[in-house]
Structure formats: structure tokens, C-alpha cells
Amino acid sequence: MSDPILRLEGVYTNIAQYHILQGVDLEVPRGQVTMLLGRNGVGKTTTLRTVIGHWRARQGRILFDGEDITALPTPAIARSGVGFVPEDMGIFSDLTVEENMVLAAASGPIDSARLEWIFTAFPPLKTFWKSEAGNLSGGQKQMLSIARAMVEERKLYLIDEPTKGLAPAIVSTMARALKELKAQGASILLVEQNFAVARALGDTANVMDDGRVIWSGAMAELSGDAGLQERLMGLSLEAH
Amino acid sequence: MTDPILETQDLTVRFGGHVAVDAVSCGFQAGELTAIVGPNGAGKTTYFNLISGQIPATAGKVFLRGRDISGQSVSLRTRAGIGRAFQLTNLFPDLTVLENVRLVVQSRSGQGFNLWSMASGHAEMVEAAEAILVRVRLLEQRHQVVSELSHGNQRKLEVALLIALDPAVYMFDEPTAGMSVDEAPVVLDLIAELKAQRDRTILLVEHKMDVIRTLADRIIVLHNGALAADGAPAEVMASDVVQEAYMGKELEDV
Amino acid sequence: MTAAPKHAPKMAELSLADRLGPWMPVLLVPALVLLGALAIPETSSWLTLTVSGLAMGMMIFIMASGLTLVFGLMDVINFGHGAFVSIGAFVGVTVLLLLGQMTGAPSLGLNLVALMLAVIGAMAATGLVGWAFEKVIVMPVYGHHLKQILVTMGGLIVVEQLIIVLWGPEEIYIARPESLKGAITFAGAALEKYRLVAVVVGLVVFVAMRFVLRRTKVGLIVRAGVQNGEMVQALGYRLRRVFVGVFIAGSALAGLGGVMWGLYQEVITAHMGNDAMILIFIVVIIGGLGSVEGCFIGALLVGLLQNYVAYLEPKAALISNIALMVAILMWRPMGMIPVVKAK
Amino acid sequence: MFRSILSGDMPRSTVLAVLLALILVGLALAPFLFPGVRTVDTAARICVFIVLVASYDLLLGYGGIVSFAHTMFFGIGAYGVALSLTHLGRGFGAIFLGAGAGAVVAAALALLIGLFSLRVRAIFFAMITLAVASAVAVLVSQLSGLTGGEDGLTFKLPRELGPAFKFGKEALGGELFGVKLNGKLLAYYFVFAGALVLFLMLLRVVNSPFGRVLLAIRENDFRAEAIGYRVVYYRVAATCLSAAAAALAGSLYAIWLRYVGPETTLSMELMIDILLMVVIGGMGTMYGAVIGATLFVLAQNYLQTLMGAASGLVEGLPVLPELLSADRWLLWLGVLFILSVYFFPTGIVGRLRGGK
Amino acid sequence: EIKIAHVYGKTGPYEAYAKQSHDGLMMGLEYATGGTMEIDGEKIVVIEKDTQLKPENGRALLEEAYGDDEVDLAVGPVSSGVALAMLPVAEEYEKILLVEPAVADSITGKNWNRYIFRTGRNSSQDAVSNAIALAGPNVHIATLAQDYAFGRDGVAAFKDALEGTGTDVAHEEYVPTDTTDFTAAAERIFNAMKDLDGEKKLFVIWAGGGNPMSKVNAMDPGRFGIKIASGGNILAALKGWKEFEGMEGATYYYYDLPQNPVNDWLVKEHQARFGTPPDFFTAGGMAAGLAVVEAIKKAGGTDTEALIAAMEGMEWETPKGKMVFRAEDHQAMQSMYHFKIKVDPNVEWAIPELVRELSIEDLPIPVRNK
């Protein structure tokens, strides 16, 4: 197997005076969906934000596609092929849906075939194409946030809890869209609380606790072992 | 059946030409937990906004205990007994967790215009607030500033504020979105507790079917702003409208 | 149980008022002109007042355009904008004084070339100062209005004092280029020639700004960047550079405004820019934050109204602008054509 | 006891506590510690500005309301005293009547503006107050018959507060520690006591339940409404309170100066000074007002002297003497503006309390 | 040692005037003491204090000067507002304040007290001299002034002075101080005057920046036979006057107008030291400096009462010729100059040429402090 698209080696991150990440080791294999799981407040979001460069690693290395991006500025990281769907969706609420999408297509005009593909996954975006994004419903905003990352081809997608607030029907279309992305050769690092989605999409899984990755392995292994889940996340995921 | 506590009559709102909530008439009984489901953008949050007064209705009326409150401001409706937790977290970000809850307790005590006593001198308010933080398991974080909380914990605080307000009508908008599997039950248990009190009216917007199955007495379905179905959970869940427009294909089929 | 309806939000017909709404501000200008015609019986006076009011509006617009760019797009309240107007005036006037030969000659061509050179010099200077201003003064306070007000106020004082150090405390008098002096009279109305230049320059600025903001992503990037800078960067844009660029552009426009205003006043002082600030703020606010079109219309309205009111009832001229602002904010609390939501 | 005088709002930093104590002692004993007309004048101004800045902080730091009309209220209080002393004669009754009337008028005007415009967005409220304030300033200059116009009003205080009134002749020989016991001294203590009482009252207000609601509204007015607080009422109440306090500060100022004029009480420049004092000291803390006002007034009064000395040192060098000349004091004040916002983003009090 | 405080707005919008005033004062002291800066062996010390153009500072600084620095008398300030705030302090400390160059009539009018003297001109002197310069048979005058006390008082004094000359004020136009567009005002004036016969003049009374003259002129008032007229102005402003060739009015000072030894010395020395001719405020400052020395000499010391006695009715020589402190209101009576503008391409500014010196006897200035 080729080298991973993304590798974190002993990453420590501070936010103000708090030590949040305390030595995260993590690999995202090429062409796979890698899950990042764990309870609230263990550092999942912080990990993604450190990769994209919003927080700075105090120690450790981040390798993307073989290059050290630890100290690169955020725009450079993004331009090297990383798409980001933040936890708070990061919608530009004063801009229209269209303007949000135009901005997301950083390297040129929007590819219309790709746009059609996005519309089939998320029909409301088409309906509200000219509306102010701030007026969208919670779920619609979530769709827009994912669509923005997908509007251009990227090597790696960092996606933070994309299904929160989505209706079941949309959750399935979104899952399908992510699978298609993977089929196109992209790699995905996905934070998810919805275990059904995790099970359906994940190839490998990493479980975090207290600023570290405490377990990693195949998703199938985790989803098949209720005892392991209980130990790692304090609760059997099967219950939900 | 007794008269409903909360009732909406032909409640409608339009944004430009878009009818986001379309003549919804519905009543809610005390002690009943009604789940509101519908696709994204169906108008659920907007319906809540109309009831709690965040946006004015284009047409239609809202009644609380038979009294027309359509013209009243948010704060008046809140005082009259309509409480609300928001879908997108909406807190006092630079205040501490404890102060957030304490402010709600203070609001209920009617001390807001007290200019002369010392706020820190009202021990009973602090105690009441701490009791609520214990219930949502946030006591440890009570001196943390809200903006430093992780997303999941902010969601819990959002619920805590509503509980502190203790209104006659509770409106939860996707309370567990973004909560981890071991935290969500805390909130769901709280809701179940409220329901067991039998004197509170609870409206719950949720996309998680298992949650609805265990908690709801009744489900109403909004679709394109209109009331598309209303009835007992099993019956509504099985209906075509829910299956087609809402559930879509099961995930496993993807 | 009802059958499953299709996924389609319900759309109702828009009423006439709804559809007319966006056009209302544009209609205000002709409406005001008409009102003026009704109120002022002397036709020649009305004509003079109208044309010179519109031209004055253009000049205000030139000065305000940079502010609306920076205030609207970057959400930076730059109280130091007036300092850039002053710098523009001083540099421009210095250039013109150096080119005494060209401005003194009664040749329109030579005069305009001199004016162009002055404008270029002024814009380059203010652009440069703007760059420094952004780096040193504005950068640490993005997103914090109050601190912006204070820090840029501090910047204003520093720049004004530096002007005094460099050019001395005396006011400097400057005559307009020879062929731009005096007025053209027609139909009993007199129109200063210089105001015609202002009209042309104003229109050019207006069209150019519209073009850049409509046809490029710059406007979008900056507006989005104000709301969520992190996210814009995560989309791959070097936000800092764009911000700096916009600030430089805004400052350069102020410099242009300074030259135009200085030549209109024919006397320049270090605080001349700041003296015009209240008027500029009014225009930017009633236009709607960040809207070039709104700013343009607002400036014309202010120019016209000032003239009409001063003619009809000089006492009321003092408050006509303020009254206009209050009226427009009552009608549209966000300004006529808001682009950015004010906090 | 001490706690409740400070309304439970302790300095929470040793350095801050020491600074505050120094300022308090310095002001309380100013005529004895720093005898001299100018120094006592500076001390009195500090007293007045502490109250003025604190009252503005109630609005800005606690209520999150940006108003440019604060000097207008200050001016109303000042003119109130000036007019009543001019027309009713030089008595204490006139002082209290003028101050009281000023406070009431200011509060009423604040109520009017508030009810009209506090519903709109913050930045527009700021602009509307700016407009109203400039209109009032114009009005004052136009109604010169009543207000003295641009030239302002000079008036006489009760004899007991003037330098001609001497006391303690028999007991102390008319002097105490070398300081003449006269009405001027009484006037200073009148101002000092008034300022102290007003400040402590404001401190109480911001630490009351009401003050907490203001904080909540500043943070998130939308949510404050949704937990049952009527935001507009609170904002209007805060505006009125702060206006009344500012008017009383204005009255103290008028008493001290025995003069009022538009430049002195209504100018935009003064408004900016107030803003700066709030921010330098630290927004959202009353102690910030104390520190900010003290430092600023001192800088304003003594920067020029300091610079005169500095430019003497660099004499002969190119440009530098020009830049450091005492006439360029404004330049350096501007630089201080910028530096202080730079280095004290949370104000001095914020920094001392170890905030961000 | 003789201590004098110069309390004036060194910094702020009037910085340029302030500097002139101070230079003039120092040169006045120098000239009067023959360069020794001593009177009867006592050294003159001048303490400068900057009001920053704020009335409250003016008061505090003057108190400091009288109280802490114990000066013998004070000179200043530039702005009338500041001066008015300072007047009572002089009374309180019972020391002399020599006002220069603030112009408001009320300083030696209704706000006057016996410790106040003024070397500077007052508004009435401006108004009366201009009225004399402009009046004539069959002349109609319109006025354009700022709409506040200074402008309105100026026009009122001007109208009083025109009384009985047969010249009428056809129209009074007042505009806000911060007006920048004068189209409306000009139109109103044109409409009021265009149908009148005879000579038509527009008299502009304006203080500070934003002078409307050239803006009104750009609208071609000649179309209606209207000529613009104005009082004198400082040199910097005269640079903008080249388009007003032939314009008449009355001025306070222009370095070429007075012919006397004091002025000759001033012009020569000023040119040598500063590279420019002296201006309005230099002349005024010098007059004050001369007055101080003269008064102290005459009183034989710095006792206030002796000074007052000496100064009331005192005559002394200044760059503007003889001045006299009128005993009633302590206002210095002085000459004004009726001028006509001449343009010389080799001179940077437009030159006011002397038409006639209006001497003290020619100018009936009302006493207004009763």
C-alpha cells in the first residue's frame, strides 16, 4: 500500500493556556474514508483545525501528500488540495448561496457538471440558489457547507460532523455523495457522532480521548465489538 | 379532551414569495410530547420562531391558554410560559457557564430591575443555577467561559438554559445534534423526566427516529411549510409522506 | 393521512410593492429634483441649484467611495479617512504648484494633464500611507469597531500633525487651473466649469468600482472574510493580501477625493479632510453599508437637498442632512441598498 | 462593610488595588499634597472625568451601546447649573436646582432618543446620537441669547466656594499645612465628594442584578429577549441612568470651572477623549474609568511640559526637535492613542487582572 | 524681574496665527527695550502657556499664571471664546489681562471688567472702517456672513455704521459656519439684487477657513453687475485674491500700508529673521509688546492699580502708528486702511493698495461696556 495522504506525528496543540492535543498520531490512507470518533470535548475538532492551520501545532509534524505542512499558512494548505467542512459550518450568511459556492470554487468558475451532481444530492441548494445563505434552515446550511467543499476536486476532505441536523433522507444522499467522492479517488477524514453513518462509510477508525488517539484499526473491527466500544467511548454504539 | 395549552391557527409566514410556513393549525395539550418532523427546510424551526415570537407571522394567530399572544414580543411570550432552546447554539459567549444559567434564574425571579442589591449577594439564585448544571452534567465546567466549551457541551448548556427557565411549553430544536453517544442520553433522560411531570407541554424537533420512537406521544409532519400529517407515532411513521419525503432510502442500502 | 407531496417549496405571487422595492432608492433622485422644481419658482435658479447640487454630490461621492469600500467590505470604521483626504490634497496641490507653468497656461489639454499628474501623485502617496496605516494601525483591531474608531482617530491626529510638520501650519491657497476657472452660463443658470470635471471623475470612479466589485471575486472575498476569515482562508484565499489591497484602494480613492476637494475649496488645511467626515459618514450610512450604488445615490441626494434647502430656508440647511439621514433610516433601517449587515 | 461599599466588586489584582488606593489618596489630599492652582485644577478635572467616564462605561462597557451623545448630557448638566446660577443668583439652592433639573432633562432626553432609536441596529444608534448631538451643539451656538453661543457663560458661585471666602481664621490662622483655607478649597472638596458618591453609586448599579442583565444583553440581546428580559426597556433604562450621571458630572464641572461653553462641554473632541479613557482603562469595569481618566487627564496636562524638556535634549539634531517640539504634543498623544489600544487591548485593568 | 505670561492657543487650528502673535509680542518687547529685554534694569521674562484653544484651559492656565507663577500681567489669547472665559479670572486675581488678538466686541463690551485692556481691533472697528470704505451715493450692499453671533454682530455693526451714508443694505444672507457649497446663497443674493439700479456690492464677512468669495465669484456675479467686497485678510489668504483685482475694502494691517519707523523696523527685521513680511497678528502682537513696556515704564512698576491708571488714556507708537487706550472701555483706538486690490504677477499674493488711511478721528467706534 502506498504512503498515507495525511499523517500526524505526535501533534501537540495549545489553545491559549490550555493543552488540548497531547500527542496525536494519526494516518489517513489514500482513497479511504477514515473516521475520527470520540466523546464531546476530546479534541476531534481541534485535530482537524490543526491540520488546516487554524490552530498551530506546538510540537510534532503534519505531513500531507509527503510534504510537511505543519508551518504552512492556511491558504497554502487549502490550495495544496484540502477541503474543509467546519463544525460550525462556516457559512457566509450575508452572501447568497451562489456567492458562497462561487467563492468555494477558488481556482476558477464552477464546473457545471459537478454542480448538477451536487444539486442531485442537495436539491434545496438549487431552489435557494439566489437566497441569502443566512436565511437557510439549519440542515440546508449544513448541505451548503458540504457542497462548498465538494465543488472542486480535492485530494483530502476534512469533514466535521456533517450529518448533524440533516433529515434521514438527506443523510443517505450525503453518504452516497461521500462514497462517490471516494470513488473518484479522494481521501476523507470524517468526524461523526452518528454511528450508523460511521459504520456505513468508514474504512478505518480512530478513537480519541483526552487529546490523544487511543485506538485505531479497521472500522469493521470496531463496529463488530460492543465491548471495545464500551471501553473506548463509554457506551455501546449499537444502542443508538 | 381538554382545551389545548398552546394552539396555532392558520399560522403563515412568507419570505418574499416563499411561503415557509403555510397555514398551520394545530393544538398542543399539557403533558403531551409532540415530535415535529419533516425534511430540511420544511419550516420546523420557522414554526418555532412564529410561536415564540422571533419573527412576526404574515397571517394567523397563536393562542396560549386560550389567550391570543400573536402581537406580543419574545420576552412577553417567554414570561407567559413559552420557552425555547435553539437549533444553532445561541448563548452568552463571554460569560461563564454558571452566569448563563444564573441569568435565567434571575429572569424568573423578576429581579432584573433591581438596581441596588448586589447580584453576587443572591445566594439562592446561584444555588438554583448550580442544581441545574448538576442535572446536565456541566457542574465541573461552571467557571469556564462559554466560548471555550466544546460544541457538544455548548449544546448541553443550551438545554440547561431552557430547563432553568422552566416554562409551561418547552420547545426543543434538535437538542442532541452534535452530542456524542454517551452524552445524548443525558439530555434525552431530562426530556423524559419533564414528560413524566405530566404538566408540561413539550415540542421536539428531531431527526433521530429512535429518539422519536421512544419519547413521542404524537408526531406532526411538516412538509413544504404545511401540516402534512398528524397522529400517533407508529401510524405517522408508517405513512407514505414520512417514508418517501423524509426517510428516504435506509443508509445500509447506500 | 395525506399523500406525499413533491419536494417543492411553495411560492406565492410577489406584490407590486415588493417588486418595486429595490428600485425605490434610484427613483428618489428624480423625485427630489421634481420636488425642487415645484418648490422653486425661478427656473434659472432651480437649474443652477440642481446641476451644481448633482456635481457637489459627485464630489462627495468621490471622497466617500473609499470609505464605503473599507467600511462596507471590511467592516472597518476608519475615522482616519479624513486624514487621507488631507494628504491627497497636500500632495496633489504640491504637484500642481510645481507644475505652475502647466496650470497657468490657458490650455485645457495642459491643465488636464497637470491635474492627472496631481491625481496620480496623490493617489500613489495616499495608497502608500494606506498600506502603512493598515499594517501598523488597523490590522490588530479588525472586528472591533470601538477600537477601530479610537486607533484610526489616533492615526488621524498623527497624520494631521505630520502634515503640519512637513508643510507647516499655514493654510495653503491654490488657484484652479486656468481653463477650469469661472462658469459656463446657459439659460440664465451658471455652472462652474470645475464641477463638470468633478462629474466626469465621479462617474468614472463609480463605473470602475462597480466593474471591479461585480466582475471579480474581490468583493465577495472581503465580505466573506469579515464574517469568517478563517473559512475564507480555508478555501485557499490569502485574505491578508486582499484586505491590504482593498485598504490601499480605499485610501487612494480618498486621495483622489482630496485633490478634487482641495481644488474646489481652493484652500487646504491639515484638518480639511476631517471637516468633511460627518457629511461623508452620512452618505455612507444612508447609502447602506458597502453599497457603491447606495453611496452614489446618497451623495447625490445630499448634494441636491443641501442646495434646495439652503435656497428655500437657509436656517434649515444645518439640519437638512441629519433630517435626511434620520428619515432614510426610519424608512430603511439598514440604509437604502445594504450589502453588509451592520452589527 | 468595605465589600459592600465597593458592591462586592473587588479589584482582584494587587497592583490594581494599590493604584486605586494611590489615586484615591492623591485626590482626597490633592490640595495638601500638591499645592498649586494648576495641580488642584488637574485633580478636580480627574474627579469629574472619572464620573463622566464611568457613566459612559455603564452604557458602553456594560450595555454594549455606542453613543456619541454623551457629551450632550454632560453639557446639559453643566448648562443647567450655569443657567440657574446666572438667573437665580449665586446660592446653593440654585446649584442643586440646576444640577437636579439638568439630570432630569438629560434623563428625559435620553428616554426620548432611546425609545425612538434603540430598536435599530447598534451602528445606526451611534450615528443617530452623533446627529442629535451635533444638532444640539448647533442649537446651543444659535441660541446665543440664552446660552452665550460660542462664547459660553461665565457665572458666579456662592461666595462660600470662591477664593475670597476665608475661614478657620481664629482656630487655625487661616492656614492648614501651608494651604490657605478658602472657598476654592471648599469647592474642590465639594467636587471631590460629589464625584466619590456618584462613582460608588455607579459601581453599585453595575454590580446589581440590573447590571448583570446589561452584560447579558451586550453579549447576546437576541437570547436575552428569549429568556424573558425586555431588552429595549433595559437599554433605555441604562441610557437614562447614564445620561443623568453624566449630567451630574457636568454640573460638577461647571461648578469647578465657573464657566460653560460648547467647546468645553459639547465638543466631539471631548467625546473622543471619553471613548479613549474608557478603552485605555478597560471597558466593562468601573475601575477602568478611574485609571483611564486619571492617566488621560495627566497626559493631557503634562505631556506638553514633558515634551518641552525632551526637545531640549535633542536640540541641534535634524527633524527630531521639530517632532519633539512642545507644539507637536498632539502628535504624541495620537501615538499614545494607538499604542495604548495596541498594548492594552483589554485596557489596563484587563491587563492587570490577567485577562487576554 | 518682570514676569509676563503669554496665554494663547499655540496648537490647534489657529497655530499659524498664534506663532505670528508670539513673534510679534517678542519683537515688540525687544524694540521697546532697545534689545535689552529689560525695563529699568529689571529683566522681562515671558512664560508661554498653550490653551490648545480650549476655554477651560485658558482659565486654568491664566489662574496658574497669576496664582502659581505670580506673573505681573498676562497677554492673549487668539480666540474670542477663550478670551471671554478668561476675563473673570483677571478680575478675581486683580491683575491685568491684555487681550490680543481676540476680536469679539463683548470683550471690551458687556463682559468687560476694569482689568481688561485690548490692543487688538474689535469687530466694530472692522465694520465701521469697511462701511466707510464701501459707502457711497446710490450704492446697494448685500451681506454674506456666518450664521452665529460673530457674523450677525458684524453685520449689525456694519449696518449701524452705514446709517446716514445713503447706502442701504439690500439683502442679508446668513449661512451655517461649515457651509461648503455657496450656490444657494449666491442665487438668493443674485435674485435679491438683480433688479436694483446703481452700484451693487456684496460684502463678505467671514472668519476662518472655507471663505466663500471665490466660490461666489466663480458664479459670475458680474452678470448682474455685482461686485464682491471684503475686509482685509492675512497674507496667505491674499494669495487666493488675485482674481479680485480692483476690489475695495478696509483692512487692519498690510505690511506695506503704514508708514512709520516702528513698522519699517518690523518689516525689515521680520524679513531678515523669518524670510517673510510681517502679517496681521505679528503687528498686533508687537503692539501688545510695546504697550506692556510703555505701561510699565509709565507706571514706574508693575503694581496693578498703577498700571491701570497709567494705561487709561495711554498713547504709544506701534507698527500701525499711534494707538490710544480709550479710558471708558480700555479698547485701543487705532487706524484702519481703506484699500484697493492690485495684481502684480511678480508678487505671490494680491496687493492691497492704500486708498486712504482711516485714522482714529475718522472712526466713530461706539462704547459698549455700559
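Every chain is named by a letter (A, B, C, D and E) in the order it is written, and numbering of its residues begins at 1.
Criterion: a contact is a pair of C-beta atoms (placed from the backbone, for glycine too) under 8 Å apart; a residue touches a chain by one contact, two chains touch by 3 or more.
Going by UniProt, the chains are A, B = ABC transporter ATP-binding protein; C, D = Branched-chain amino acid ABC transporter permease.
Bear in mind that the values here come from a model prediction, so they are computed numbers and not experimental data.
Undergrad: List the groups of chains still linked by touching once chain D is ignored.
TA: Groups after removing chain D from the contact graph: one piece.
Undergrad: Spelling it out: a chain qualifies if it touches chain C and also touches chain E; which chains qualify?
TA: Neighbours common to chain C and chain E are D.
Undergrad: Based on CA centres, what chain would you say lies at the far end from chain A?
TA: Greatest centre separation from chain A goes to chain E.
Undergrad: Counting only C-alpha atoms to place each centre, which chain is farthest from chain B?
TA: Between chain B and the rest, the longest centre separation is with E.
Undergrad: Taking each chain's centre as its mean C-alpha position, how far apart are chain A and chain D in Å?
TA: Here the centre of chain D sits 53 Å away from the centre of chain A.
Undergrad: Could you put a whole-Å number on the gap between the CA centroids of chain D and chain E?
TA: So the centroids are 36 Å from each other.
Undergrad: When the C-alpha atoms of chain B and chain D are each averaged to a single point, how far apart are the two points in Å?
TA: That gives a centre separation of 45 Å.
Undergrad: Could you check chain A for residues that touch two or more other chains and list them?
TA: 16
Undergrad: Multi-chain contacts in chain B: which residues touch at least two other chains?
TA: If we look for residues of chain B contacting two or more partner chains, we find 39, 41, 245.
Undergrad: At least two other chains touched by the same residue of chain E: list those residues.
TA: As it turns out, chain E has residues touching two or more other chains at 15, 147, 176.
Undergrad: Pull out all the chain pairs that touch, please.
TA: Contact pairs between chains: A-B, A-C, B-C, B-D, C-D, C-E, D-E.
Undergrad: For chain C, which residues count as touching chain B in their complex?
TA: By the definition above, chain C touches chain B via 1-5, 7-14, 18.
Undergrad: Sort out for me which residues of chain B touch chain C in the complex.
TA: 14, 16-20, 22, 39, 41, 223-226, 228-229, 231, 235-236, 239-241, 243-245
Undergrad: How about chain D: which of its residues touch chain B in the complex?
TA: The touching residues are 4, 7-8, 204-205, 207-213, 215-216, 219-220, 222-231, 234, 237, 241.
Undergrad: If we count contacts the way the header does, which residues on chain D are in touch with chain E in the complex?
TA: Residues of chain D touching chain E: 36-38, 41, 138, 141-142, 144, 149-152, 154, 162-164, 257-259, 261, 263-264, 304, 326-330.
Undergrad: Chain D touches which residues of chain B in the complex?
TA: Residue positions touching the partner: 52, 54, 73-76, 78-79, 84, 86, 90-95, 99, 102-104, 106-108, 111-122, 161, 165.
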